[in-house]
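Listed below are the structures to be examined.
Next come two complexes, and both contain chain A; in the first it sits with chain B, in the second with chain C.
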Partner chain A sequence: MSRVTPDRVVGVAALVLAVLAPLYLSSYWVGTLLTQMLFLGIVAASLIFLSAYGGMVSLGQVAIYGIAGFVVGNVTTNGNTKGLNLGWNPWWGVVLGLAIAVAAALLFGALASRSVGIYFLMITLTYSVIANLTFGQVTDVSGFGGISGIPAPKHIGPVDAHSNRLYYVALGVALAVYILLRYISRTPFGLTLQGLRDDPVRMSSLGYNVMLHRTIAFAFAGFVAGVGGVLFVWWNGHIDPASIDLSATIDVLVIAVVGGLYRIEGAWVGALFFVVINNYSQQISFIGPRFHTLIGAIFLVIVLVSPGGLVGLWDRAVALSPFRRRGPTDRNPIEAGQVEPSV
Partner chain B sequence: MTQAAAPTPGLAGSDRARILALRRRVLQALGLLVLGAIVVIPAVWVLFLAPTTGKWATSFGSAVHDPKDFLITLLNGITAAALYFVVASGFTLIFGLMRVVNMAHGAFFLFGGYVALKLQRHMVGEGGSFGLSSSQVNLTHWIVPALVGTVAIAAMGLAMQQLFLRWNQGQDLRQALITIAVSIILADQMLAHFGGVAEDIAWPRNWDTFVNLRVKGIQYTETRLVILAIAVGIGVLLWLWLKKTRTGMVIRAGVDDRAMVSALGVNIQLTFAIAFAIGSALAGLGGVIGGSFASLAPGVDANWLLYSLVVVIIGGMGSLGGAAIGALLLGITTNFAAAYLPSNYTYYSIIFTFVLVAIVLAVRPLGLFGRPE
Partner chain C sequence: MRALRSRWKLIPLAGAVIVAAAAVAATATARNSASPIRIAVLSDCQGAFGSFDNQDMAGVVTAMVQYAGAKAKNPNKPRDGWVGGQINGHPLKLVGIGCSNDRADTAIKETKRLMEQLKADIMIGPLSGDESIAVANYAKQHPTKTFVDGAAGAQDTTLKVRAKNFFRFNGDGAQWNAGLGDLAYNKLGWKTAAVVADDYSFAWTSAAGFVAEFCAVGGKVTKRVFPPLNTTDYSSYAQQMPTNVDGTFVAVGGAGLIPFLKAYEQAHGPIDGKKFIGNLFWGTPGQFEQLSSRVAGAYVGGAGTAGDLATPAAQAYNKMVGKVFKQIPPFGAAAPQASSTFTFGYYVNTWGLLAGLKGVKGDISGGQKKLQAAIGKVKLRTPYGPVHLDKNRQAVIPVYYQQLYLKNGKLAVKTVGYIPGVDQSFGGTFTSKTPPPGRNFPACVKRNLPWIGHTQVPKVTG
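Moving on, here comes the complex of A and B:
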């Protein structure tokens, strides 16, 4: 277990750098870029989990992230903004937000559980677009302008004054999510999920309930995405339908694919890449505000050249080097090619 | 949870089978009951119950109370469905043959609309601060931009297919990701070049009138009837093309078994190219019509991608008849929801799109006309 591999060295180094970040980086980097990287990474990790272990590339994660965020916004604000303004304690907001996000994910997952591959992609995309339009139109809970002034809990906020606190909370949560996802993938449930990914018909003949497992996996990923949504509203203090529109949905997919769709770590690698490009591309004169053209082009190149994303490139480099990583590697759902719809 | 229960001890195999069959029948009956309620209750509400006063007041009241507005809503639903069909038939054609989910379909729609808009402005002039009005536009000023927009998108789709998709055949997820990348770039470039303000294409002046339908004195918008006529025409042409021509025959065979068609010596690559061009052209044409009927703005591409997805998820992927039925269901559901929900709650109508998808997926996961591969 305690073998030193390049992956572990890099992982530990990244963690140490992240913990010490407030010492050597500006508060803009820590409070804005890195915190954003952490919660976007959490949402992308939920997508990568579904994709890598369940063979389900979901575009519905942002819908669930938004549902959690809007619920928190509705129940924790009081007065002066759209929505229900229930004025609850932020921690109760978290509980309710996550509960509703998981409930929505259970429903979404149950409806999509008979499909995989591109069918799953399409069905979950309709969830995202419908969620965006719903929050845009239903003025009882949000409306076009969204909800402002969402407070973080007393010990974490106000975020503007103590940006490091939310950063460390997000770091701790991201680490917990990473460990949890790695752990789940090794449990009997996670192994069953991988079996379903590779051969649903055979697993079904062996007596496993395919739809139930997919639904539970989706609900669990929904929980993770919901956690990301809660961190987002604390960080941003505001959520509106544009936070979960098609562009935001695709951003999360881009993060997951650029990072690498088959290893959980890829989520944060992709997210760091994304926020840094987003922040600094504006200073390049010929790109300016055309960030999405740039990221679209990068996405296109990654999909065409390295389906494993940046982590895939790293894995290839390591495989060529003397420190080869041994043991079973996770299958890359893109390289695996055709995913047929199950019956 | 993980494994099926072992046979219950003490029960003979036949008993167990009977219990299972019984349980299944009860569940089926329950499911049908729920489904029936979901269909019947809204129908009864619209036909007889919807009030015009009180807490639940609707804009028109029930169909019995106000048949004229009921008929208008029905016509609105059908004509909206016509446009959904034009756009979604292209999407389903491409998917049926090539298993490519063209996520750029919405962006193609918007781009087709913008090409026609710019050409029309070029031909007629910029118009006032609200753009052109119909009185300045004659038939040529609409039809020429429409054709150019359609052809431009056909070329664009063809280019995307030849440059990026052709080399990744069979990797359907990767192809979907490629089309997503194209849609990101296109959407951003359109925002850069055409701005964020909603604009619309002007209908020609001879269409922009009302027609007396001679039923209950309804004066109905002619342009909506034009859209319906175009959609019916396209439906018939597509049907004739697929059923009566050699290319259509190859496409139908290709939908069933690509490898076998290719092995028989048919140039399947050429067929793919043709189908992709036509499918994209339909998105472009849809964009021209949609841009005349409603408006063009950033975000419209997402809506139309949603409509295409919903129509084919309901109707079944790759089926033209399914696209027609799916479009009708979507058009009628959304229009009736918007018109017959209580006035204070009409903004909930979007939920009904989700309900529609949910019901179909629960009953037929492959869509109404979908077939397993």
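Moving on, here comes the complex of A and C:
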């Protein structure tokens, strides 16, 4: 029988609150802020998965998320002045969008799999720049103005009229992604990945194909990021190169670091924090459009005070409480001294 | 008898009830007639056009002061908005000012914040082309809200998207350049030309106006170059510009114009103003003063504005802006900035909205259908001439073009050409069925345009 821990209590409470959110929050909070939090959390979760279990801090997740979004936009819209306007069923758009996103991630992963640390970071940053410039320059599939009027499937949209539907879809997908990432991390593949993270030379000498494992992990994370991209274009109805520019890339990294780069849950904690600060800081006159200055300062404080992010603060609070965990394996790797913070 | 007496006793009680009911009804009626109209403004405070943010708000606030009795909150900072102002007892409440950055993605996020979080009934904006296409698409999904443009001039916004609740009282980029092709071919003697334009919807539309007219009269456009918007180093694009042409049309705007001209001079030597025609940015108050005196002599496409027009209405408008604001940062004194595309664009669109609101006595009930019908019928006698909307809710406008010249050693602008009643079809060149303006459209072909050879010379001051 599962032990009742503070994490599980908070997790179940958060889930219950999320399910009941449309009953006690405004439609703007549910349809805009929380839905945005969920899909941004999914993208950040793909980054945290790579970082926490594979030791790969990727700046390419937003590029893959954008590829999925642009594919969906091009094949499902009709009658627009931009894009391919193929007018496909949105579900076929999802299939093709995710397939192309995974294919791109496989390619990106294969190219980057030999590198580590700062070099891996730079190569994946290059992917983001390439994706941004490609969609900005190739007017057949986007151009500067991007694709507007992207429809959600009939039973989910129109999103503006039925924002709760997309919220519940995003909530279900986020939950599924969380469970899937937790599950993968416990499979032989996930354990191998953690081994590669800790000592790739030893794993290689034991006969594991380091590059292949890294490539597959990158492609899997690309699939998760692609799911986030599909939800984004359904939610926004629009995607353009600015949706996947350097600022968006850094935003996802900030979400992951602020939430906690070593636990999957941190993705949604960081996303909620980011989305709320982004939204409400603009109404404070002396901050206004200087949101990135504010989030940059918060980022610095969190990195200095708690390298494990907001989830790390929670871990510390639990460790000091009478409900502290007993087993060392459940602890945040940074707190346990097993992993050096790399960002 | 006792029963009768007790009934008499009820009379004061009944009277009290009637008075109370009347008071409640009066309060309810008063509340209904005084229900505020919630207005949001979407401006660009960042990006290529971020420096025109206060001009945008100056236009909105001036119209609010002039046509709704509002008052500027701060005469030195238009972005602070207005106080007061009402239509038929309905207060005009400014619920928020969005800060976009010329990118559609940001414009949509800000529009959502203004319309859904701050619960605006009506939005004025945005500023630039692709933003307006995205906002018009958003408007289509929200038919019970009303949107009027700010200063955006992409053609697709009204010709292709055609949202029934999106109205534009300013011209599009092609309309604004009517007369320039005729001028280049027949007056300046250009037979061949090159075009350089930002790679996005507004600049494509702006270039389309020049290309369509220049080719219509027999000219040839031999090269089209499209640097991305927000480019900072234009050297590779300047290198691509041919020098074996009679002239060059430049539709690089906002923060990119001066870096482009510098890169052009580095690549090809000093600019000869007579071999250049620029779009509106070359004559925008606050911007043209920063150009080198070497561009004197260049002709400039307008934006349906002419600050030096010698009509009482044009001069009164300049004075009005100068009365409402002392300064429009960061460019200084307010009155000289009245004819800026951005000041006038936001002004005329806000005016059109207020005229529509007056038409329905401020009643925005019924999903704003009555208001939207009323705005569609609005005809304005603007400072620069009459404006009305076509069936796509796009303005038919008077067009002016200008020339840069030296006045006491400093660059100045004078209006030299006027064409009344230019519509979005551009003499039948553009329809909802033709491809949108882009890197290769319109093609360079001869055609008849109604205003060729009929450009008038307006009377100007100074």
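Going forward, the second predicted complex is superposed on the first by the 325 of 343 C-alpha atoms of A that agree within 3 Å, B and C clash if a C-alpha of one lies under 4 Å from a C-alpha of the other, contacts with A are read in each partner's own complex, and residues count from 1 in each chain.
Operating definition for what follows: a contact is a pair of C-beta atoms (placed from the backbone, for glycine too) under 8 Å apart; a residue touches a chain by one contact, two chains touch by 3 or more.
From a predicted model like this one, the values you see are computed outputs, not experimental measurements.
Engineer: Which holds for A:Arg182: it touches chain B only (first), chain C only (second), both, or neither?
Structural biologist: A:Arg182 contacts neither chain B nor chain C.
Engineer: Kindly classify A:Gly149 by the partners it touches after superposition: chain B alone (first), chain C alone (second), both, or neither?
Structural biologist: It touches chain C, and chain B stays clear.
Engineer: Tell me the contact category for A:Ser27 with respect to chain B and chain C: first, second, both or neither.
Structural biologist: Only chain C; A:Ser27 stays clear of chain B.
Engineer: Figure out whether A:Gln137 sits in contact with chain B (first) or chain C (second), or with both, or with neither.
Structural biologist: So A:Gln137 meets both chain B and chain C here.
Engineer: Would you mind checking which one, chain B or chain C, touches more residues on chain A?
Structural biologist: B
Engineer: Indicate the residue numbers of chain A shared between its chain B interface and its chain C interface, in ascending order.
Structural biologist: Correct list for chain A: 137, 139, 289.
Engineer: In their complex, what parts of chain A are in touch with chain B?
Structural biologist: Those in contact with chain B are residues 57, 107, 111-112, 114-115, 117-119, 121-123, 125-127, 129-130, 132-134, 137-139, 188-189, 192, 206-209, 212-213, 245-247, 250, 253-254, 257, 289-293, 295-297, 299-300, 303-304, 307, 333-334, 337-341, 343.
Engineer: Which of the residues in chain B come into contact with chain A in the complex?
Structural biologist: Listed in rising order, the residues of chain B that touch chain A are 1-4, 99, 101, 103, 164, 170-174, 176-178, 180-185, 187-189, 192, 299, 301-303, 305-306, 309-310, 312-313, 317, 347-351, 353-354, 357-358, 361-362, 365-366, 372-373.
Engineer: Using the touch rule from the top, collect the residues of chain C that touch chain A in their complex.
Structural biologist: Counting only chain C, the residues touching chain A are 45-46, 96, 99, 103-106, 108-109, 112-113, 116-117, 129-130, 133-134, 137-138, 140-142, 154, 156, 160-161, 199-201, 228-229, 435-436, 438-439.
Engineer: Quick check: in the complex, which residue numbers of chain A touch chain C?
Structural biologist: Residues 27-28, 31-32, 81-82, 136-137, 139, 143-146, 148-149, 158, 160-161, 236-240, 242-243, 279, 282-283, 288-289.
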